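When the chains are written out, they are named A, B, C and D in that same order, and each has its own residue count from 1.
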Amino acid sequence: MGLPRADALIEDLSPLRRRVLARSPSPAPDLDAAAGWLAGLPDSVFASRSLKGRGRRTLIQPRGGFARYEEQKQLMLALKAGGADFIPLTIDSHTRQNDYETAAILLQRSEVEDRNLLNGYPLVNHGYLVSRGLSEGLERPISLRHGTPDARLLVEIALAAGITEIEGGALTYTLPYTKAHSLAEAVLNWQYVDRLCAMHSTPERPIHRESFGVLTATLVPPVLVAVVELCELLLAAEQGVTSFAVSFAQTGSLAQDLALGRVLREASADYLSRLGLGPVCLHLVYHQWMGAFPRDATRALALIAGAAQIAGMIGADKIVTKTKDEAIGIPTAHNNAEAVQLVRYILDRSSVGAPLTSAHADEEAHRIRRGLDAIMTAIFDLPPRTFWRSVAMAFDRGLIDIPFSPHQANANQLVSRRGRDDGIYIEQPGRVPLPGDVLAGEAAGLAARHDTGNTASTFSTLMRDINLMVA
Amino acid sequence: MTSGRNTIGTVVIGVIGNDIHVVANRILEMSLQSAGFEVLNLGTNVKPDEFADAALEVGAEAVLIGSLNGEAPHWCHGLKARFAARGLDHVKLYLGGNVVTGELPRDEVEAMFTRVGIDRVFYGTTDFDALTKTLRKDMDGTAAR
Amino acid sequence: MGLPRADALIEDLSPLRRRVLARSPSPAPDLDAAAGWLAGLPDSVFASRSLKGRGRRTLIQPRGGFARYEEQKQLMLALKAGGADFIPLTIDSHTRQNDYETAAILLQRSEVEDRNLLNGYPLVNHGYLVSRGLSEGLERPISLRHGTPDARLLVEIALAAGITEIEGGALTYTLPYTKAHSLAEAVLNWQYVDRLCAMHSTPERPIHRESFGVLTATLVPPVLVAVVELCELLLAAEQGVTSFAVSFAQTGSLAQDLALGRVLREASADYLSRLGLGPVCLHLVYHQWMGAFPRDATRALALIAGAAQIAGMIGADKIVTKTKDEAIGIPTAHNNAEAVQLVRYILDRSSVGAPLTSAHADEEAHRIRRGLDAIMTAIFDLPPRTFWRSVAMAFDRGLIDIPFSPHQANANQLVSRRGRDDGIYIEQPGRVPLPGDVLAGEAAGLAARHDTGNTASTFSTLMRDINLMVA
Amino acid sequence: MTSGRNTIGTVVIGVIGNDIHVVANRILEMSLQSAGFEVLNLGTNVKPDEFADAALEVGAEAVLIGSLNGEAPHWCHGLKARFAARGLDHVKLYLGGNVVTGELPRDEVEAMFTRVGIDRVFYGTTDFDALTKTLRKDMDGTAAR
């Protein structure tokens, strides 16, 4: 029995921090460099404050990262000019795997050859001193977006550089992003990150943590998104984080989007209060379609506009945007800013006041919540006495099973596909402990698929499901 | 993977570098298996030497390399040499996915990789049925050689 | 007291028809030319059948009309290729005002100078024989879209040419489209049209009639759209029309769109059955944003995509589309077909099964219905003994009062502007007989406007309201 | 309309031809009135002779013609002559709106209409505040003449 508890908090991080910082290929900040630097920054660069002061506006955050400092800076200014409320700092894939060496080589070649040989900004190689310049004149919070199971050094440097929003978490940055990184280790490493963020928070200006409920963006059933989001929220709350956003990506079904948004908000508050954790200032982030994108620019823009409208309908605190270049490659700064403008245009005309619902959405919400509660109870009831160990065990035992995770320890026994109104439904639960009535509801959702009805999944329906927005 | 008898050939597949895009890799595995190939799927995050070692181990006639996140130009450089070093010059090297960033002319992209020893380049959306047919033909050629 | 009644049906139209047909500048069809021609056409060109057989698909109809036959034919084929379910035949503005002479001059000049000098297809001048060729190889119904208060000759020719959907009505084609045409006359002329359509209907293949709830597309309060739609439905049902669509245009507020769609469907069925009219096969048509459009192509496309998503959410039977050229001029066939494709792309991914709602939408629907019932009762209670006279009197007395109508007899005493979530609310009802609680609800909607709150309307808020989608 | 005393001038406005787009026309009326002009608004569907007759009747110094639906090229032809026939050569003719179909170069559009006697052409989106200023200046000119 391992319930999340406030006294799971790591007491003294300093010895560990010294060891982590020693590995930095760029000049390492000392232990209180970040605190001092953050204290001198204006409120306008604090993500937690932007979120708190948003009123009824859904805030906008694009994605984007370039190898070289100057190019990244230009991108950031272009995005600001386009109306972005949060400015992204997306990290390259080598840094995400802690392969600073390859990143260094490609950064150097990018500089010498005057072209971009990395798919993101190698923050660890650039270092905190150089990167402090990024937020100068920005007057917007910078968000660290990566996909790194061991992000301890990366986050040390990010905080010292004045970055106030840290995305990720043990599950969401391991299961979609790594093949072999031990989840138990990832949990410990993210406890470090959470604790570090909490340590650098003040009551007025907390460092904001955000989960990445997108996961693999491919046929992940809403109930599993909810479980993963709740686990990361509770792990962060254990370490004293006081500003946190749960998130999810457009599912492809409006009813499921409405339902999942509602369940995430309600369940987050419920679990925290029931477990005596917090107070945490909670937010909801919506990622527009994260799966395979249409190549056609007009369709891509339509998809982006449609997602913006849904973000308005669910009253998301923030939407994370894509661009019309998504299917093709790293977007230009211009097209990235264009998408931001477009999303603002639609959002400004999509507020709904009261939350929308429907009989189907209500049913989906009810089922997601029942499933979530069942799985969380099963996780809490696992043998370990600490919550973090239970989370790791839940994954090992297949209670958490994410479709299309590249991770070699993922159970891969859960099978999902699209059903009613293109919603994602569970065909085979594997070892995920879902009650019978929930499974019956999932089966009903599958049976209502409009093209094939309740036939077993085939290769061609799988392709259609993955390419929902492409064809 | 066990080396079956009724297969028409053995291939190694995987996603190169620090790349974790696994969706196409899973689909490719299913397609090749249903077309009758014996498939060793190394999954994601596969480094050049691992491809070569695996090919040696299972006696693969072809290695199908996926790259989705833009790292292909980096990792394909010197790849052929690793195969040569193990006496695997005859193993066909296929590369597919988002092998470059942005939209470039197809022949330019193909030249870029054939220059470093890749035998066939599949740039962008690929019909896996057509792919298996090409593979089968290429393997007949290898077997005859 | 003038309730709509089935025995209001015009018995013998023939003498009148002969007089109308005699005015044709092109060779006039004889009295049963249309019936014979329609009987020989395949089911695929009957609008009523497309609507009935649509399943859960929302059908798509673009707009478009060119002066010359060949150009119009090419447009129609391009729209078909783009995936349109209905093919439009939009009539030029001179024909709409029965100014066949100017239309003839400009048609001739268009042919001689090889360019387009009309903003639509002058069907009366082309004549029915030539125009029969339009539907050849089309396998889709053609929809007559015009804006003609006296459309008797136009519709005679349309039916004889094989056109099976006739848009318009006495109120909707007079109040936004004319300055001086007597409404009483328009009602009589549209009774002729309705009767003519009913006469050419068979039980399996009725001629479809569709109202134009768009009106002036400028700050028309939902309740007045509902009143006008109900009046035209009832007038048509009196004349024996058995396939009818009520319609409305995107209001700018999602809650009002959801509410108005629901009220229109429910009230249409209720009134018909309560009055013992019908059976009428009822449909709901959604016009995407009909007010001032953004000039920027990306925004225009986003607006089009967003509207398509809403059409899916309200489960419209049909959506009528715009193009990215809207703010600039008559769209090219290519851009028109592009919009159709885009709308199909979004619609195919926007079905919701059960109708969506929210506390606000429920409240809006309740208020629209209460207002509608109050106004309809007031109309029924007017002195005349026939419904059609009551409708005309309702307009004369300002019970029906349409903002921005160019008609000189329009009361212009009702003042509306945008309030909560950009919905349209009534500030001054003029002589429109709305109950006190409804007016209180409207005032509350105004008070909740996010920028100005409950300040009186000014010139600058008016401009903002009109340009909601432009800026 | 009554001919007031404190006005800075009298103008006739309306939408020409078989055109029923009235939104801009209503707004223009409000703008001109609040700028101090005496306005006779003929509304929509105004034929050339009606403009000329009205200008004569109220002694207008300028006539502001709107055209939104694409008919302007047709109706503006010969318009000036109708004013001349009534001895109204001095009356300024303004034209504004979607005066042509599609996007054309501004100077081309202006030339197209000044050629047939329109004094000022406002093609597309118009700032009515700026418009009233221009109008005031033009009228001062007329009065001085």
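Heads up, the rule we're going with is that a contact is a pair of C-beta atoms (placed from the backbone, for glycine too) under 8 Å apart; a residue touches a chain by one contact, two chains touch by 3 or more.
Keep in mind that what you see is a predicted model, and the values were worked out from it rather than measured.
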Legend entry - Lowest number of touching-chain links that must be crossed from chain B to chain D: 3
Legend entry - Starting at chain B, fewest touch steps before arriving at chain C: 2
Legend entry - Centre-to-centre distance between chain D and chain C (centres being mean Cα positions), rounded to whole Å: 31
Inset, instruction - Determine the centre-to-centre distance between chain A and chain C, using the mean Cα coordinates as centres, and give it in whole Å. - result: 45
Inset, instruction - Can you check how far apart chain A and chain D are, centre to centre, with Cα atoms defining each centre and the answer in Å? - result: 58
Legend entry - Multi-partner residues of chain A (each touching 2 or more other chains): none
Inset, instruction - Answer with line, ring, star, complete or other to describe the graph linking chains that touch. - result: line
Legend entry - Interchain pairs in contact, sorted by label: A-B, A-C, C-D
Legend entry - Residue ranges of chain B in contact with chain A within the complex: 15, 17-23, 26-27, 30-31, 34, 43-45, 69-71, 73-74, 98, 100-103, 125
Legend entry - chain A residues within the chain C interface of the complex: 56, 252, 254-255, 258, 294, 298-299, 301-306, 308-310, 312-313, 338, 342, 345-346, 349-361, 420-422, 448, 450, 468-469
Inset, instruction - Please give the residue numbers of chain C that touch chain D in the complex, ascending. - result: 93-94, 96-97, 99, 102, 106, 116-117, 119, 147, 176-180, 216, 218, 292, 295, 328-330, 404-406, 408, 459, 462-463, 466
